[in-house]
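Chain IDs A, B, C and D follow the sequence of writing; residue 1 opens each chain.
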Amino acid sequence: MSDAHQDTADGVNADRIAKAAGDAMWADDRATQGMGMTLVSVTAGRAEITMPVREDMVNGHQICHGGFIFALADSAFAFACNSRNLVTVASGARIDFLRPAKLGDVLTAVSSAVHQGKRTGIYDSVVTNQKGTIIAQFRGNSATIGGALTHIKEEQA
Amino acid sequence: MSDAHQDTADGVNADRIAKAAGDAMWADDRATQGMGMTLVSVTAGRAEITMPVREDMVNGHQICHGGFIFALADSAFAFACNSRNLVTVASGARIDFLRPAKLGDVLTAVSSAVHQGKRTGIYDSVVTNQKGTIIAQFRGNSATIGGALTHIKEEQA
Amino acid sequence: MSDAHQDTADGVNADRIAKAAGDAMWADDRATQGMGMTLVSVTAGRAEITMPVREDMVNGHQICHGGFIFALADSAFAFACNSRNLVTVASGARIDFLRPAKLGDVLTAVSSAVHQGKRTGIYDSVVTNQKGTIIAQFRGNSATIGGALTHIKEEQA
Amino acid sequence: MSDAHQDTADGVNADRIAKAAGDAMWADDRATQGMGMTLVSVTAGRAEITMPVREDMVNGHQICHGGFIFALADSAFAFACNSRNLVTVASGARIDFLRPAKLGDVLTAVSSAVHQGKRTGIYDSVVTNQKGTIIAQFRGNSATIGGALTHIKEEQA
């Protein structure tokens, strides 16, 4: 179902590029850090991030605000679509909310490439809770602007 | 372009119900308050909310995380689609990001009903900055679960 | 709510360009003609098309197949987003089906620009029936590839 | 990535129900037949349909109208989401057009459940051409209205 491709013949190499790009993005991203997210992994065309649902993320019924569920899915999408080390932004996204997330839940978003063309891409992020129950399905559209996120040293890449 | 209708013959009455429902939602919503939002107005099928872009909402390039732009649009949507005083949730949404929002910008989301059926609805939220430039277009799908958000006293409604 | 802009200072001129571009597109479009559509008007950033629901468009319950409702909305979108006389394609679209269309109904789609940047745009198409009842809401994403659709003579433009 | 479940403990049984429901739908559907579609298979939560791109489906550049690509994906979605033998309609859908389809191409849409709750569901349809190249990605939202599509005899179910 996926026609996403790696940009190098060498998958291991593509994963190293992905990790370097992810580290560079993460270091600067106060928003993602401020929401208490943890970057679990970034490989070529894929990223995984977790986030506990905090008190300042819920409404009076202890249900997580949809904005934070979107933010988690969107962050995983951002790391996945920038994993080629080419500056890439989200042009849009659709999210379907399937079940509520509650105070204290630990959410995980896994984003993976459904399509990556030269310039535009589609990535699906699936958000689950600590029981593995799916909370939301997210599909993002990316646009590559160009330029490298980080300089990758030869021995690194 | 809109076939959204008010649930009472009396528009003024519908607006009073909307305000009471909005006040009840707001009082309990730590997430919306925690993001520094201000509820400007809620009338029948419409809500307006503002939010300054804070330091903990931006990445290293001082650009607002898309999750917070979505959260603002989604909050305005929530207040608009609950303005009938019937408990209503977001089942999904699409957002298109048109321009970046920056640290210090003050964003405004205005959400209004495009369609409100008996159970499902569609609402558009438009997010602008302090110059009136459109930052994002958001279209949400709502599902009414039923039950009143708040008891509205006769003299109030 | 719209920040779509015309590409010439002269609105009348932009409308003439739109009409010439629409005529050029229409002449070649067997699909749109084959579905029995009528191009009512094309102006800058806007197009209106009608289509009767035929026997070969319905299922056993005499309800119009969603594909034809989408096709009508998509055609109006195509004429609207090509009205600058720059070759533009649909990159994606979301449709919400609000009410069924029936055999013999005459549907109208009006598409108008919500946003038109240098390269990408957003257009909303609203599909109504002969009573003015809204059947579907459609939001399309466009990508301008470049190049003119048609050569516009000076006296024409 | 999928939490779609079959409604019977017996997968074989669910597939027989799916086939009977699909046959009942197909018999009545002039629209799907009129577009030259072939129903390849329907199993529980999944359907596959093919369609050649005909002369009356293309524009002057021999490119298939997006409406017919949508219609194919939407038909596969309809058969997949009705495979429980409960009357189910499309409430909305998003399509991303990745590559053009051309006159004479034979397109295949495979639709499968991403989520099926009691009432609402999400289904992904992937449209490919005869070379296996992905033409479009489609995600549909379904709403189950209730009632059986067809009476399934005991020996059949």
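To be clear about the criterion, a residue touches a chain if its C-beta (ideal position, glycine included) is under 8 Å from a C-beta of that chain, and two chains touch if they have at least 3 such contacts.
Everything numeric here is computed off the predicted structure, so don't read it as measured data.
Undergrad: Return the chains shared as contacts by chain A and chain B, ordered by label.
TA: Per touch definition, common to chain A and chain B: C, D.
Undergrad: Same or different: at the chain C/chain D interface, is the fraction of residue numbers used by both copies above or below half?
TA: same
Undergrad: Just how far, in Å, is the C-alpha centre of chain D from the one of chain A?
TA: Distance between chain centres, rounded to whole Å: 29 Å.
Undergrad: How many angstrom lie between the CA centroids of chain A and chain C, rounded to a whole number?
TA: The mean C-alpha positions of chain A and chain C differ by 35 Å.
Undergrad: Taking each chain's centre as its mean C-alpha position, how far apart are chain C and chain D in Å?
TA: Roughly 26 Å, centre to centre.
Undergrad: If I count partner chains per residue in chain B, which residues reach a count of at least 2?
TA: Correct list: 91-92, 94, 96, 141.
Undergrad: Note which residues of chain D are touching chain B in the complex, please.
TA: These residues of chain D touch chain B: 91-92, 94, 120, 141.
Undergrad: Name, in rising order, each residue of chain B that touches chain A in their complex.
TA: For chain B paired with chain A, touching residues are 25, 27-32, 34-35, 55-61, 64-68, 70-72, 74-75, 78, 89-97.
Undergrad: What part of chain D is in contact with chain A in the complex they form?
TA: 1, 3, 94, 96, 98, 114-115, 117, 122, 124, 126, 133-134, 137, 139, 141
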